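Labels run A, B, C and D following the written order; every chain starts at residue 1.
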Amino acid sequence: MQVNEHKPLIVAFCCNWCSYAGADLAGNNRLNYPADVKIIRVPCSCRVNPMFILRAFQRGADGVIICGCHPGDCHYTSGNYYTRRRMAALFSMLDFLGIEKERTRVEWVSAAEGAKFAATMNDFVEQVTALGENKRLEDLRCKR
Amino acid sequence: MQTITKQQLLDKADSLLANGTVTAVLGWSKGEFGYDVTPKMFTTKEDLEQNFVWNDFCGVNFSKYLVSKTDRFEGKILVFLKPCDTYSFNQLLTEHRFDREKVYAVGIPCEGMVDVSKLKAATGDGISEIKEDGDNLLVTTIYEDEPATVPCRDVLLERCINCKSKKHVAYDELLGDEGEIIDSARFDEVAQIEAMTPDERFAFWQNELSRCIRCNACRDACPACTCEKCVFDNPNSGVENKAPANSFEEKMFHIIRAYHVAGRCTDCGECSRVCPQNIPLHLLNRKFIKDINEFYGEYQAGAEVGSRAPLVDYTTDDLEPGEVFDRRDMDA
Amino acid sequence: MNNQYLREELIRQSGVNPKKCMKCGKCSATCPAYDEMEYHPHQFVSMVESGDIEPLLQSESLYKCLSCFACIERCPRGVEPAKLVEAVRLSAIRKQGENRMTANDVPALLDEDTPQQLLVSAFRKYSK
Amino acid sequence: MQRVGVFVCWCGSNIAGTVDVQAVSEALKSEPGVVFSANYQYMCSQAGQDMIKEAVKEHNLTGIVVCSCSPRMHEATFRKTAAAAGINPYMVEIANIREQCSWVHKDIATGTEKAIILGKAAIAKVNLNTPLTPGESPVTKRALVIGGGIAGIQTALDIADAGFPVDIVETKPTIGGKMAQLDKTFPTLDCAACILTPKMVDVAQNEKIRIFSYSEVSEIKGFVGNFDVTIKKNARYVKEDICTGCGACVEKCPMKKVPNEFNLGMDNRSAIYIPFAQAVPKVATIDPNACNMLKNGKCGLCARVCTAGAIDYTQKDEYINEKYGAIVVATGFNPISMDKFDEFAYNQSKDVITSLEFERLTNAAGPTAGHLERPSDGKSPKTIVFVQCVGSRCDACAEKGKEYCSKICCMYTAKHAMLTRDKYPDTEVYVFYIDVRTPGKNFDEFYRRAVEEYGVKYVKGMVGKVTPEGDKLKVQASDLIANKQLHIDADLVVLAAAIEPDKSARPLATMLTASMDTNDFFTEAHPKLRPVESPTAGVFLSGACQGPKDIPETVSQAGAAASKVIGLLAKDKLTGNPCVAHSNELMCNGCSSCEKVCAYGAITYENKEFRMPDRTTKIRRVAVVNPAVCQGCGACTVACPSGAMDLNGFASNQIMAEVDAICK
């Protein structure tokens, strides 16, 4: 039997100073991760409005990951601390609505952690792929 | 059922109007039926005597009205605040949404308000008259000759069954005795949903939220939703109000709304009270409140003026978003 | 003997976190029963943390601790050694027949100069 | 809609190897707004840049998308290209198809597909870009240094040396700070006064430096380059410009029983006083709480003996307004109160003292003229016990002390012990320690000398209690190495009290909107890379206000802070980052959420009048972002419930457009 594997769509928000640089480093070191990951650059993880995440899901994203500097290392001193609270609250709410918690993630990736960036993306893509298509967040009526 | 009488409130309003302390009174007025009590600004004694009401249907939280009304009236406005209303009152002051100097707040005790939907469910539609009789309501409908007797306690609003506080946290003057904060069971239902499987949770909310007709009543009644321009009315926000394009749209609306008031919501329950579709919207707000209490320590919005909402605050050793689930899975 | 189970049990019972200890020795410096004890308060903290608990269970030191709580009061890190001593003592006397003091011992200890309250509290402390 | 030009770079084979660049530029041609799309071998080369410039001219482009390497690499390059071609540099967006595409994906089909999506996202974004111009603000070429200890002195001297005027504000009647109270300094044992007082004189004589002593900062407004500061000059009842510091008044003053704070209350001074002989400014000050003339109008002796006529009992507090371009905080530290440490009997016996008191006891200018005498009876102590870490490294929940290591105590205690043994070899000296921390140049050698050459008895353990008994202090302590409890009859006990930031720091931080940690130490902009700057632009940190530090460290930090100030003041104008937040006042609720999350204090509020649809007017509180202070993180944009706050360059609708383009 042929399994038609669903290719997930992953939106990754990366802060300019640490995680975006970490993604660049992963590239410099030619560390592969799936092309399903599309990165959006933001100045700081605290720029990520929950609306962006919901919008991504609404438009068909299968997973959203937010990457920022490690706590304590924020370029703007405290931005990622706010991210941490906001996303803890938001993800908990999504989970409360029965949306798979595996579709969301926050990961702290420094500019030196190219390997961690690639590993994180590989892991996240695998996790989201295992869940299959994002039926809960997109339009139910148009799909079976 | 209320311990304080309409006459006491009228006397207070009359004397404050007469001695010039206030120039207007924000109160409840008669609607077409007994149960559709409407907010109104009274400026004369005559108007008050004719139209002012105080009964078991005065659920409206007036705090929000102060944002727009304080600008429109010269002098002070008298506002009657039930205990739960005072939390919203403080929260709006924290957010600098109205001028405290322009308000004369009179705290009044509340024994719980009636849920009209529950009442209708008990008596059937077509209510023509409601009379109070001690702890009961005598309800006459157009279909029955004899009025039905309904105990108030059976038809209380959910927020009153799980009343969180009989204590007024803000007032200029208090009628009746100072109440106490109540150790209510208001998070039990949230905990029950949390205990469901993800599929059950999804089904539960799919069922509830698919009834949403996007009438915006929840937003319009919410004392935390006082934005000059709501994101749902703003064509540039990307989430402006429109016919839902897909089934996620209602969920998105309610997640965004709940998120926008997270940390600021006092759990006054107006959203659920006004929802024409009887969606338990307060559960979304309470989920945030419960999470915030568990993650960052107990916090009651509006308990005092000037407190810093948890989502605009942090500590360096806060919980990681991933740990939220680890914790829960461990508890399970 | 490294008794990991007992270690965790003692930590749980006492609510003490021995990892907070910075090994300054102020507990032992402040202890009025120091010279009576084979193992001193700071050693209790360190030995429980390393799981080396058997010698403590066997030691008379358990009953020399006055429970005066001076070590709790003085510890700069809030480690509360006396609570740990208490937990070790409890786990010693909770064993069958290991009561340090029984009702039969009391008559011999009666003495006009000994306040009765002392006996009562000793009884409480030394038996399960 | 913009007229967008798309430029796909091959980067040799770096991109072209795994991405079909031709296909990418073809696919992007049909995107909304795109009027030109091309690819080239090296877009960043001169030829590549010329190609962009020509296309701008030829196709009248208003926006540029370059699909190339990371924007961290060449965004600046292409912005310059755009500017050279005559369009706003912020109308450029980069699609990162090298680091985040061609280098990490091996398959040409997937690489190409992703590159097209990334290109689409960049096009969607650039369509919503707006031309941005960096704001400019002038710089007041004057610095304010708050605190006149060694940190403030060194910072002021260095700034003045570069030619900029500096004002020092010091709450005490003289500058000099803690260092002026010290006897010798470790590890070289130079006398503190010998190295400090010449610097104090330099400050006094420097034409660029003004000293506001006996003064405090009462209000700070403005922002980097443009601070508006009010300094409150407390009345000292002596005309500073006339007083010669001769000291005749001090001598004649009948009120001589005022505890002398300079000697930590171990002796007395008069109501009119000069803190110490080398004070700068050397001007007398009348203590209004002690002076009979000021309290009940009787006396006036000092006015009569002052030949210069400097005494002025009617002097009032004076407020001075001054503008500054930069502010340096150098508020320093104090030893913590020993009141809560009953076990050491500090409040029960005069012979239990803190290390700072010990400094005064051994200082030649101190209350005992440098002879080590017990405060209680003046006898020379034969047994001295030093206790380290008193209140340092205390768990926070203990509420008595501080969680951190005070850093300087190990070294000064070694110094005290060594000097005592040197001067009084028949004295027995014990030092009780938890750890001896000596990470500094020649520090460990110094400590070892105290042990090996001077015979100081270092005991690993802590003192449990001190009990005064007769004229002795019974010290009960543990010796962890010997596994013994020690009982020592001491004559003097010296406590190495933890140090804490000066109490004035917290209100000052509020005025500056500078952040602090839970211990009230000022937070640095970056703990490693920007250690002398506060996150609040234009505010710099010098000395122990940022964390415990010794003199050499303080002086180096003071110099570093000065160089940062000089770098700022050397500019005529500050050019800001245009990618800053801005608030739409029509939508702003004035709720203060944004202000609370702003780490830089860039947001203030003003009451603004609005015309309502019914022609009435309404005054509303609205947020205003100061673009010179905003760093553009965007924290406020998410905190804002109404969406009034947005960020230039990373606007909500731009990010949404990117999300949509990716998720299409």
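To be clear about the criterion, a contact is a pair of C-beta atoms (placed from the backbone, for glycine too) under 8 Å apart; a residue touches a chain by one contact, two chains touch by 3 or more.
Since we're looking at a predicted model, the values are computed, not measured.
K.L.:
Looking at chain pairs A-B and B-D, which one is connected by more C-beta pairs in contact?
P.N.:
Counting C-beta pairs in contact for A-B and B-D gives the edge to A-B.
K.L.:
Per the centroid of Cα atoms for each chain, what is the distance between chain B and chain C, given in Å?
P.N.:
56
K.L.:
List the centre-to-centre spacing of chain A and chain B in whole Å, with centres computed as mean CA coordinates.
P.N.:
Each chain reduced to its C-alpha mean, chain A and chain B end up 36 Å apart.
K.L.:
Distance from the CA centroid of chain A to that of chain C, rounded to the nearest Å?
P.N.:
Distance between chain centres: 52 Å.
K.L.:
What whole-number Å value describes the gap between the mean CA coordinates of chain B and chain D?
P.N.:
Centre separation, chain B to chain D: 46 Å.
K.L.:
Which chain B residues sit where two or more other chains touch them?
P.N.:
231, 237-238, 311-313
K.L.:
What positions in chain D touch 2 or more of the other chains?
P.N.:
597, 639, 652, 656
K.L.:
Return the residues of chain C touching two or more other chains; collapse runs of consecutive numbers into ranges.
P.N.:
Residues of chain C touching two or more partner chains: there are none.
K.L.:
Report the complete set of touching chain pairs.
P.N.:
A-B, A-D, B-D, C-D
K.L.:
Show me the residue ranges of chain A that touch chain D in the complex, using the header's touch definition.
P.N.:
Touching chain D: residues 9, 11, 16, 20-21, 23-28, 30-33, 35, 38-44, 46-52, 55-56, 59-61, 72, 75-79, 82, 86, 118 of chain A.
K.L.:
Looking at the complex, which residues from chain C come into contact with chain D?
P.N.:
On the chain C side, the touching residues are 20, 22-31, 34-35, 40, 42, 70, 73-78.
K.L.:
Considering only the defined contacts, which chain A positions touch chain B in the complex?
P.N.:
Touch list, chain A to chain B: 50-51, 54-55, 57-58, 71-72, 78, 81-82, 84-101, 104-106, 136-142.
K.L.:
Which bits of chain D are touching chain C when the two form their complex?
P.N.:
343, 389, 393-395, 397-398, 400-401, 434, 460-465, 476-478, 480, 483, 485
K.L.:
Show me the residue ranges of chain D that touch chain A in the complex, using the header's touch definition.
P.N.:
Contacts found on chain D: 70-73, 96, 98-101, 103-107, 110-111, 113-114, 117-118, 121, 515, 523, 525-527, 535, 579, 597, 599, 631-635, 637-639, 647, 649-650, 652, 655-656, 658-660, 662-664.
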